[in-house]
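Common to both upcoming complexes is chain A, partnered first by chain B, then by chain C.
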Partner chain A sequence: MENIRNQIKKFFLRILNIPFAFLMHAIDLIMWPIQKIIGVRNMPYIFLLPNLIFFGLFVIIPLGANFFFSLSSGDELLFAERELPTTKQYDQLFDCESYLNPNTCTEDFFWRGVYNTIFFVVFQVGLMIFFSVLTAVILNKKIIGRGFFRSVFFFPVLLSPVVVGLIWQWILLKNGAFNAIIESYGGDKVSFLTDPSWAMASVIFVSIWAHMGFYTLIVLAGLQAIPPNLYEAAEMDGTSRERIFFRITLPLLMPNLLVVFILASIKGVQTFDEIYVLTGGGPGTSTSLIVQYIFTTGFASSGSVQNFGLAAAASMVLGVVLLFLTLMQLYFSRNKESKHQEI
Partner chain B sequence: MNIKFIFKAISVALISLSLTLISAVSFAATDVRIMWYGDGDKENVPIAAQIDEFNAANPDINVILDIVPYDAIMNTLPIQLAAGEGPDIARVTDLGGLNKYYADITPYVADPSYYEKSFGPFLNWYRKSGDTTSIHGFHSTMTVTGPYVNKTLFEQAGVDLLGPGATWEEWAAVSIEVAEKTGTPIPMAWDRSGHRVSGPAISMGAKYFDSNGDPKLVDDGLKAMTQMLYDWHQAGTMSKDLWGSVSGSKYHAPNDWWNAAEVVFMMSGSWQIGRFANEVGDDFDWWAVPAPCGPAACTGMPGGNALLAFNANPAVGKVMDYLSSKEQLSSFIGQVLAIPGHLDLQVDYQTDDPNAKHALNTFAGAVPTIDQVAFDLQAHVDNRIMFNAIISRLGQAIVGEMTMEEAWERMDEDVEKQLKEKYGG
Partner chain C sequence: MSETTSRIIKIATKKRYKNKYHWTDYFSYFYLFLGVLLMFGPVVWLGLSSLKTLAGIQEYPPTILPLSQIQVDVEGYDKPLPIFNVTQEDGSVKQLAQIKRIGINAKMVDPLNPGETVKVPIDKREKIREFKIQWQNYVDPLRKYDFLLYFKNSTFITVVATIITLIINSMAAYALSIYEFRGKNFALVFVIGTLLIPLTIILVPVFYVVANFGMINSLWGVILPGAATPTGVFLLRQYMLTLPRELIEAARMDHASEWAIYWRVVLPLSIPAIAVLAIFSIMWRWNDFLWPLIVLSKSEVYTLQIGLNAFHGELTSQWNYVLSMTMVTLLPIAIIFAYLQKFITTGIASTGMK
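Presenting the complex of A and B:
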């Protein structure tokens, strides 16, 4: 009986194999002459070629085009119709009497975006790390429904930023769910999204809610990698909980926290969609970040001149910031790898 | 069967296949793509029905109606056009701003004089400077900006509605009075739009252009109106929740507050009639009132949307002829409850709503009172640049990011900067 079953299995596997075999033979027909010409040692480049073509088409060429746009002016989209080359866009972006006061800058919206982005990233990343560690430490303990809570904290990460924005808009609007609760307890309505002093706090809170699950997972992985015997030894020595946390847990979590810090910073600088849905960058420009400036200047001018050059110049500046953060991440992660190898 | 026979058979098969394909291509219907934004089903259903009817009667043309959000018309369409893409026809509100992309359909319409007779003054809004003959499309609906009041709240408060000639200050005062007496949270709400601000600003004496006809945004008239709006926001006459809820020049309308009867006086325009008729229903009585006055005029802004062609060919001409015909326009306008852009159109409005009927009469009656500056501004190719500068800077001043003095300075700088980018210099 077992034998018959194996025979049938083999038969179906052979049938299933036919199209693959046919495909492989067809590929072989193409690859064989290429290998003959360029040699076996150079074949990896051929296998990398499809990926490189896509990377070039969708990353390198747009990056180059963006750079050239930033060195051109006019409201035309096609290069042939634009004034080129000019540093006008960069001059305009950096034309400020005082960089500390956006009102003195020609492109005050850009500088407001810069300061809002810095404020947003500092508080969002700082609080995100704090709450991620706190949540991960709790979720690492043997609590009832641990699996359930881990899923619950991770769930918002799966949501689209637009959905996140719409959900929280519904909750935080003046006539929203949260204000209804406040009113039912006799309180006054709060303009969470339309009062400049509340709006930034609200978007930071929503952003932390939406992304914390991902970073909690990284911290949790770090916590689980800490050898339990260290805790056992500390307990035997009668070390207090606080001391264990600050002397064992936190130092050993540092590599993970560094990754969280850099990833969250990159993500924070790039934030756009959930804030755009939630507040539209308002009130005034109080929640308008750099990416929104780029989007509005280049693509959403509502009938004003679509200044592709200025938007491209601003995105180049943003690119430099992101490049710096990415290099930091690479440096630290390599550092971490080499330390592991030394161990 | 020899090899020659096989070759012959294959050749015959290939020739037959080619002929079939060629004939299929020759007789395939010509596609005409329309990018359309509508104010909900109220506008989308009638236009879709008209397109279906056209397609059924013209098998050689296949009209494809792409219903898109208004933002797509304002932000996506210009980029598509700049990239050499875009639809054959689109429903547009930035009438002059896109004029470099419009196609002249004069050779392809059945009777060019019909367009001149029926849409004469509006055709110049689409044309480039110096062009007096091209036909690019037609006005789908005309609009006039102006205020609405919640009549029920006035009645409950025992306050009389003001008549023609009442000033903005007087309207603000009675709106506050009604709000206080009825416990309504928002005395006054305006669409967040530079276009909406411009009619009242012209009433206060704003000229928008210098003696050479070039844009010159900030003057005493504009300062007076924007200062008034700023003061109303600080005093609570207008809620910061509406204009403060977005940034830049983003449009935002207070319809949700209005529909919930939380607003006494709403500054918007004639395009809201059909929407109010549907959404407010019997909840309360709403009336359109004449444009309040300033020292210079009592005017709203004209406007509207037009179906404009970006490709010129016989199929596009035929579609335009069909949609601009008296019969189709009359039917469309009658269903959507709008003011016609056609100069000689009898419309049988399909509504029993007395509020809607009253509003239609009020706005239609306001057309002759529109100030010439308002018409010139609406016809100007760069009017959006001015509208956007007003609303983005005023919005910033209202939430405390700058003073009104700084906002006025910035408005002029924004206009100058944008015009330099557009025209060089």
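Presenting the complex of A and C:
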């Protein structure tokens, strides 16, 4: 670890030092007079300024503008040319005879997205956490080649969604490797991506494949934080391994798992890119989630007008869901910290 | 005497019990073996297949190694024809080229005697293969299509965005960790607040802002919106809080300007945290998809990810090129991972972000 760190240090320093020092000296020519004028006490504001300008321009102003877009109608992106105020977007979004049946809604595509997202998140998050815990527990044992196995499970996290989507689209083709394996064991070919009842399962599988390593790593960190003397004591008492897992490992891991669970849900609700590449939301609308709806209505409506207002309204709905999940996360992670302190 | 003996026996059996393989051990290795196949298999399979000919890729059931059927040019036929070993009626084996397959029969021709065609039942023939690596798959798309340009765009975005992110995030982190000033708590809450607002819920208005700056179809439209990252500010701030204050006081005594303290004292000491953020930023930017997809609609500004996706959409049947370019897209990240594997995993485990 120390060695790698030093290598990185040297590498960065050697390459970056000359242009870096030049740039920094140049900036100092501006900063020095500023410091003379406003004094040392006010310098932190100058240091904060660039970051805050970026946050303001690309997060805070857009957040306000999102309200505006969702509450105004028209096809134009310019503020002045939009009609205000109107709840037309929200009316249209929530215009349903029965919320349980997307077919009765004006925006059936949105409601299908909502139900698909719920289905997707429940199964993707549930299964992913299950396999992450299983993998982490196994990787936490004294096994041969632990580092190798850990990186094998982790590396898909670094792949881009396009790469993940293309690899799996190709493997899950009707004449792809997966079907060849199935046939060689005597099964029948399956249309993984074009059969509506299989498409969602395939998408969930690929999504778990791509993101599991990240959560495994976090759970593993949680497992390593469990004090080893508890295990030693249990072993002294001759407790069976199953009992150790259910009575020591799992309960002590629980606060950690809760946070991981919500984190995965926050990411899961926003899933877009892998599915976009893998199935494009199809066949039909069977794998299109909420973000896909926002993207399609706002930016990619084929031929017809792009409905920015409707997309903004839908993202406000998504925002409320995410806010709720995030508040839960903050609540539980604070709880976790206070519990740790008590121990 | 007997008591000590029994105790010794007890200790001995205890040890043997501990060293015994439990069923979970067998299960663990089985699971890990399966995991390696499932996690690593697809990428190995991608790498091998990207070296096959198009015919080799489309073959079903597929072969693992890049074996391809030998093809020959036969007089009177436009395309090169695949060669088979055909078992004749008298039991001898002859090499024939296939013109086309009709049901259970194949229309074949002897390459040495192109005038005459014969009908052969398909179960009487066998493909002749050779080990052949198709480097063409990698060369062609880079020459014929714009992949070099996409690669350049991606590299530009990744490098410039990472530099901007590192500079402005470390400046903010410096202000929030070293100084006490009025409004500090407000600034901290402000940064936390932005952490709660992912890009997916403000797509439309960010597009509006970017459009107002005239940055649609410009690489800057991709670089700037994500340059200030709350995660980056926090990562760096947490690290800078641990730096000894005496160093800063000493520098101030020597009449160093605040900017000089920032870049000569604090930045060099924060390099471990900055390196983690740099790796994350490179990863985010190189793999970024949704935002570039919205901002970039002209092919001359495509990034590698967008270009690859569009290329796949246009040429669904050209899997040989799609696979090789997928390899090119994942290679830089794979190389970084191979070198900095431990660094990345500990970075993620300790910060809980990716």
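Following the convention adopted for this analysis, the second predicted complex is superposed on the first by the 289 of 343 C-alpha atoms of A that agree within 3 Å, B and C clash if a C-alpha of one lies under 4 Å from a C-alpha of the other, contacts with A are read in each partner's own complex, and residues count from 1 in each chain.
Assume a residue touches a chain if its C-beta (ideal position, glycine included) is under 8 Å from a C-beta of that chain, and two chains touch if they have at least 3 such contacts.
Given the structure is predicted, the values throughout are model-derived calculations rather than measurements.
Peer 1: Can A:Ser202 be said to touch chain B (first), chain C (second), both, or neither?
Peer 2: Neither partner.
Peer 1: Please work out whether A:Asn256 is in contact with chain B alone, chain C alone, both, or neither, and reply first, second, both or neither.
Peer 2: neither
Peer 1: Quick one: classify A:Thr117 as touching chain B (first), chain C (second), both or neither.
Peer 2: neither
Peer 1: Return the chain, chain B or chain C, that is in touch with more residues of chain A.
Peer 2: Of chain B and chain C, the partner in contact with more residues of chain A is C.
Peer 1: Report for A:Ser132: first if it touches chain B alone, second if chain C alone, otherwise both or neither.
Peer 2: After superposition on chain A, A:Ser132 lies in contact with neither partner.
Peer 1: If you stack the two complexes on chain A, which partner ends up touching A:Phe299: first (chain B), second (chain C), both, or neither?
Peer 2: The answer is both, since A:Phe299 touches chain B and chain C.
Peer 1: Is A:Val59 contacted by the first partner chain B, the second partner chain C, both or neither?
Peer 2: Second partner only, chain C.
Peer 1: Can A:Ser265 be said to touch chain B (first), chain C (second), both, or neither?
Peer 2: So A:Ser265 meets neither chain B nor chain C here.
Peer 1: Touching A:Ser286 in the superposition: chain B (first), chain C (second), both, neither?
Peer 2: first
Peer 1: Based on the A-chain superposition described above, do chain B and chain C contact any of the same residues on chain A, and if so which?
Peer 2: 77, 299
Peer 1: If we count contacts the way the header does, which residues on chain A are in touch with chain C in the complex?
Peer 2: 1, 4-5, 8-9, 12-13, 24, 27-28, 31-32, 35, 40-45, 47-48, 50-52, 54-55, 57-66, 68-69, 77, 134-135, 138, 141, 143, 147, 149-163, 165-168, 170-171, 175, 177, 180, 183-184, 209, 213-214, 217-218, 220-221, 235, 241, 263, 266, 270, 272-273, 276-277, 291, 294-295, 298-299, 308, 311-312, 315-316, 318-319, 322-323, 326
Peer 1: Considering only the defined contacts, which chain B positions touch chain A in the complex?
Peer 2: Those in contact with chain A are residues 71, 74-75, 78-79, 82-84, 94, 97, 240-241, 244-252, 384-385, 387-389, 395-396, 398-402, 406, 410, 413, 417-418, 421-422, 424.
Peer 1: Which chain C residues qualify as touching chain A in the complex?
Peer 2: For chain C paired with chain A, touching residues are 18, 22, 24-25, 28-29, 31-32, 35-36, 38-40, 42-43, 45-46, 58, 60-62, 167-169, 171-172, 174-176, 178-179, 181, 183-184, 187, 190-191, 194, 196-198, 200-209, 211, 224-228, 230, 233, 252, 257-260, 262-263, 268, 271-272, 274-275, 278, 283, 286-287, 289-290, 293-294, 305, 308-309, 312, 319, 322-323, 326, 329-330, 333-334, 336-337, 340-346, 348-350, 352, 354.
Peer 1: Where on chain A does chain B make contact in their complex?
Peer 2: 73-78, 83, 103, 106, 108-109, 112, 174, 191, 193-196, 279-288, 292, 296, 299-307, 310
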